[in-house]
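Below, each structure is written out as structure tokens.
You will see chain A twice below: alongside chain B first, and alongside chain C after that.
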Partner chain A sequence: MVMASEDEVSLLVIVVDVNPIWWGQQANREPQFTLSKCLDAVMVMGNSHLVMTRTNKLAIIASHCQESHFLYPCKLWKSGDGHGDDNASTSGDGKYELLSVANDFIAEEIKNLMSRTEVKGNQTDTLLAGSLAKALCYIHRVAKELEAGQEIKSRILVVKAAEDCALQYMNFMNVIFAAQKQSILIDACVLDSDSGLLQQACDITGGLYLKIPQKIALAQYLLWVFLPDSDQRSQLVLPPPVHVDYRAACFCHRNLIEIGYVCSVCLSIFCNFSPICTTCE
Partner chain B sequence: MDEEPERAKRWEGGYERTWEILKEDESGSLKATVEEILFQAKRKRVFESHGQVRLGMMRHLYVVIDTSRTMEDQDLKPNRLTSTLKLVEYFVEEYFDQNPISQVGIITTKNKRAEKLTDLAGNPKKHIDALKKAKDSTCGGEPSLYNSLSLAMQTLKHMPGHSSREVLIIFSSLTTCDPANIYELVKTLKALKIRVSVIGLSAEVRVCTVLTRETGGSYHVILDESHFRELLMFHVKPPPATTTSECSLIRMGFPQHTIASLSDQDAKPSFSQAHLDSTSGGPGLSMGGYFCPQCQAKYTELPVECKVCGLTLVSAPHLARSFHHLFPLEAFQESPLLLHHRERFCEACQGELKDKSVFTCLSCSSVFCVECDLFIHDTLHCCPSCIHSRSAP
Partner chain C sequence: MAALSEEVLLVVKRVRQRKQDGTLYLMAERIAWGPEGKDRFTVSHLYADIRCQKISPDGKAKIQLQLVLHTGESTNLHFSNESTALKDRDAAKDLLQQLLPKFKKRANKELEEKNRMLQEDPVLFQLYKDLVVCQVISAEEFWANRLSINNVDHSLSNNKQEVGISAAFLADIRPQTDGCNGLRYNLTSDIIESIFRTYPAVKQKYGENVPHNLTEKEFWTRFFQSHYFHRDRINTGLQDIFSECAKLDEKGLKSMVFQGVKNPMVDLLSLEDKSLEEGYGSNSTAPSTSNTNKTVKENSNSAIIKRFNHHSTMVLAAGSGKKADAPNGQACETSSTDGNSRDSDFFQPPIKKVKIQDVIEYEDLHRENGKKTVALNLKKSDRYSHGPVPLLPQQYTTSQDIVNSVNCIKHEIASYKPCLTQVMSSSTASSAIAALSPGGVLMQALAQQAINQMVPNDVQEEMKHLYTAAGELLRHFWSCFPVNTPFLEEKVVKMRSNLERFQMTKLRPFQEKVQRQYLSTNLTGHLEDMFQMAYNKFHAWQTRRMMRKT
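On to the complex of A and B.
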């Protein structure tokens, strides 16, 4: 296996779905797999990625129903390596300082996030498209700030818990096309129900989609399937690609159709022909 | 023909004192001015939002490339022809990226004749292969505007009324050799609603000015290679639709992608229709693919027009690629950094705000840095904060 040289930077952005409603219900359904266990698995994955090569970079975003928050790296932290200005940050078990500082930050930030937000009204859907947009902007910034001669390869790993929100379709597709243009892979690790949007994202960008059969083994699946980067994936036997349904839904009944009528001006899709398009006339 | 007043040529205007832009500061360094110039260059991308103007989404575009004697000039490196072909390849890729359901054809003109390099098609690979092969062709003789336009017109006049008909001419010579009166042809083009635009490589030619003005296209002359690229990219965006184009519903098919494997009972390998005529070798026999919902003919790639029944086959993401033209993102408001007292971090990339000005989204009042602003408007097409506060576009 080729060792990555100093010139190649691999950036992994993990987007974790922390929808409080879904996780609250989950705590009643399966008490042995809660949000803290999930974040433990994500921290293990993040640490492993940082340890693989010295030049690897990591970012973690929590996707909530009202905002997306960067759990790591922290805004107030100027450089990527911890300065270790706190005595409390040096852990007693001899762990690599970067990892212990990162873990502490993540734990602190997620506690703050969950305690300060209150769910208002009927906004119960996770704002996944927004988190992915912020992840893309962050990757774009890191790519601009590289030193001369360094190349960057980035990918985004989405850990999804709650169901899809159909209203986000257009924003989601914009984000997917932007990721495809920048050659950024989107991988998806789905805990509960299958997500059509994420299946399309993985198919279009070339990433991996996996629905986990057993949630308590999340750490194992993350390390087995999602830790190797795209060059190494050709050498592994990974879960086969899923069948993606690319049929369009008609605007009048929301049925999936195989043959439809598309308006030439506004591109809305109808199942029956009519001389005037109802969206744009 | 001469009723419209010609705008003043550059040499007819007053002197511009361009040296006054450079100002030194107290220590005599030009650093602040250079940074300002770089900043302005980054912001030079003009994104005019068309607002509620209808755009022509389904486009039929012919690119006419002049391959006459003047294309062997070496003012564009290595010579004009190679540079043009490379840029047109890039243009074709970007064009299909932004307009997935449109079609492009290529015509070349030399020796007073015009010849079709590729027919109107929706698949970029064919065009790119033809362009690569054309690099070895010789240039010679004079171009003929009349012949190339009438060749393009023969196909474009049969196109349906709801699509936009366009011709883009890359014209390098200063002369054209026409068998008949070109002004008559311009009248015919105008009647058929074909929009002709020209990119000149040498200098402004009057017949091109008249041609583009009458048909509603644009005419620019390049300054250097990067300007050439910019002018080509200008034509990738869909133009505003002419008021008389009809709006109609077009019948299209959305085939499913079947991935059959050898272990399935009913899986049978079959040939793809698109490969039957191709000479690129390979057996072409495959298990899965896209099956036309009307006639069950198989294809390996979309979008494509079914050869058997004539139905246009697309997939939903292809249409979704054009949505950002219909709902364009508004430009953000620029304001100086010093007046900004809130957070010092860009909301999208979490980086510190170090540039001279910051950009605010008018609907959600979040603040972005220069790089994120460019990225959001060029590639992302949606504001990262707006999609948090609103749930529907």
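On to the complex of A and C.
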């Protein structure tokens, strides 16, 4: 293992998909693995990352269908150090205080987030692209606030539950390319259904994509596969990369095609030739 | 037979070849010999075919000339005219000596070119070996495409680059003493060209006087003798062809000084010598450019300095490539060769501005000017929101489902308390580890070894050669279509047989070798497919041709 020096900061941003509709249904499908268990596993992952090196940083974003919310660090962190200590969630188990405070904050925040959920029929998709964008902005901000001489290496871990939302395609691709430009890895741990967008994201940025067979063992998968950073991964034997289907779908039928016709003005893809493009004419 | 348009350079009578009397004719491109009395030439060789000529030694009775061809054959010519045999033979030999090199270069150059190409590119060399040496394809076809490319390159690179003039070219002439009070000047054509480019007045004089009045040697002798060339240019008023040049130079220099330097950043006048007071500095009187007030020594000093300046400006002007014909022309150049004065000479302020801007700005650091963008008019812009993503079956949730789920979750999370000591049981953890270990459920893809690790290196190399050779043959084959001319028809048929031959001689043995080594991978499948496609195309073309004919 490479010993990180004081100068190297490793930032891990975990984006957790907390789509209430999916998780609510999941509670009925598989009662032994609910959102609480998932959050526990994510917390274990976060704690492990903070404990690996003193200079490691962590951020957790909850990706909801109405907003993307930072579970950790939260705004009260810096200013509220005072009354954080008063309520002394000294868990009494001798845990590293940073971890116990962090865990409490996360629990607090998720409760607040869920309690203010409103039921809306037209918003059922997880706002994943937005959460990723917020993650990128946070990484950018932390990179700017570094002390002189410190370098930062960051990665984003996405824990995905619900299905892909095709409407977020453009934003998603923008996020992916922005991350690639900034050399930020995007890893994906998929619980239920394969996500083509995340597969592309991992392939383009150099991260790992894994669809786990057993949801209850989530913590083990996270620790084994996603805890090491990119330098260490080259020394480990990890699941091989998935074959990504980069075929585009034609705009007229939404079928995947291998050879198509592209409009030179608006770049829309069609499976049949037609002299006038239906998108831009 | 001799073509009517051929130019006959030399005719030699009484030349015997193979014990027959005849006449030798030297033409523009070939040498030919015909027997006496007959009209035809029995022997005719192109100069390009002749490798060299040999003559019999001087002491021998028989005066002979031998022509050796590239192929190794030789032809002996015996000059049998009693009186003029030696002269004839020498005349023929001299002419041949002049003509042969011209033709020799052309033939050799091609061969040299080919050799060079083969040596430089090992892939090409390998291809050549595979195809031409093994007689799969003829050498002409091989070189057909490649040579033409190279010839084009050569003609392009022949654009002459202008050579600058060394400022010291006059000094480089370096006179050598001749032993008895004379001086030898070594003039090369380079130096002469430099002199002409720098001092166009001299060129003019040369054009006027040589070769009518003076020979070249005399011209240059006078040039070096004249005071024009020497340091102390005291116009003694001698009747010298170069005294006019001196006057022209003076005029040119004066006009240059008058023009001044167009660089607003440089103030040459401030560099004058200024004396502080009497006794400090040079003269109390203001310096002037007139010659009268000065002593002889100062006069010659200023003359030398003037000549230096003039010489430098002339060299610069000539080196910048502009044609300097008249003194006025020279004057204009001095203003444009310094600095970046692109604007016309009339406007002082813009030049200064341009110069200042040049110094303070760097082009690449400029912010990109907002490019004119064209707005995209979309009739169906919602297509952009989903992009080229296939339509996947979406799960439909009823509103009742939604409400239930949300309530369920709210309820669950409201009482959430992290319990990190019981995240999972050890059995689930170990099963997850098993899945992640090599051989586990998630690691199946790793079991397939990369093919390039299983196949030995020499087999890989041979495959690469096969692919290059096959690619070359297939390229020749496919370039014949569409078959328009009878030449292409022949070529297509030939290429088909070539392909078959290649398959037999190279591909099959390789396949067998691979199989013998128990490599189960199908390395030649793709090559076979390509060949099969070519055969199919040929077959289709052939049947179509048959149908057209019947």
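Basically, the second predicted complex is superposed on the first by the 274 of 281 C-alpha atoms of A that agree within 3 Å, B and C clash if a C-alpha of one lies under 4 Å from a C-alpha of the other, contacts with A are read in each partner's own complex, and residues count from 1 in each chain.
Operating definition for what follows: a residue touches a chain if its C-beta (ideal position, glycine included) is under 8 Å from a C-beta of that chain, and two chains touch if they have at least 3 such contacts.
These figures come from a predicted structure and were not determined experimentally.
Aligning the shared chain A places chain B and chain C in steric conflict. Of the two partner chains placed around the shared chain by superposition, chain B and chain C are both touched by A:269.
By the document's definition of touching, of the two partners only chain B reaches A:261; chain C does not. Touch criterion met: A:248 reaches chain B and chain C at once. In the superposed model, A:170 makes contact with both chain B and chain C.
When both complexes are overlaid on chain A, the residue A:159 reaches neither chain B nor chain C. When the shared chain is aligned, chain B comes close enough to touch A:181, but chain C does not. Touch criterion not met for A:14: it reaches neither chain B nor chain C. Of the candidate stretches 61-69, 115-123 or 223-231 in chain B, only 223-231 runs into chain C once the two complexes are overlaid on chain A.
Taken together, the two complexes place residues 167, 169-170, 173, 248-249, 265-266, 269, 280-281 of chain A in contact with chain B and also with chain C. Residue ranges on chain C touching chain A, taken from their complex, read 376-381, 383-392, 394-395, 397, 399, 401-410, 412-414, 416-420, 423-424, 428-429, 431-433, 435-436, 438, 441-443, 445-446. Chain A contributes residues 66-68, 70, 73, 75, 123, 125, 127, 129-130, 133-134, 136-138, 140-141, 144, 165, 167-171, 173-178, 181-182, 200, 204, 241, 243-249, 257-267, 269-270, 273-275, 277, 280-281 to its touches with chain B in the complex. In the complex of the two chains, the chain B residues touching chain A come out as 54-55, 57-58, 97, 162-163, 241, 247-259, 293-294, 311, 315-317, 319-324, 326-327, 345-351, 371-372, 375-376, 379-382, 384-385, 387-388, 391-393.
Chain A contributes residues 20-25, 27-28, 34-37, 39-41, 43-44, 47, 103, 106-107, 110-111, 114-115, 117, 119, 121, 124, 163-164, 166-167, 169-170, 173, 196-197, 210, 212-214, 216-221, 224-225, 237-240, 248-251, 254-256, 265-266, 268-269, 278-281 to its touches with chain C in the complex.
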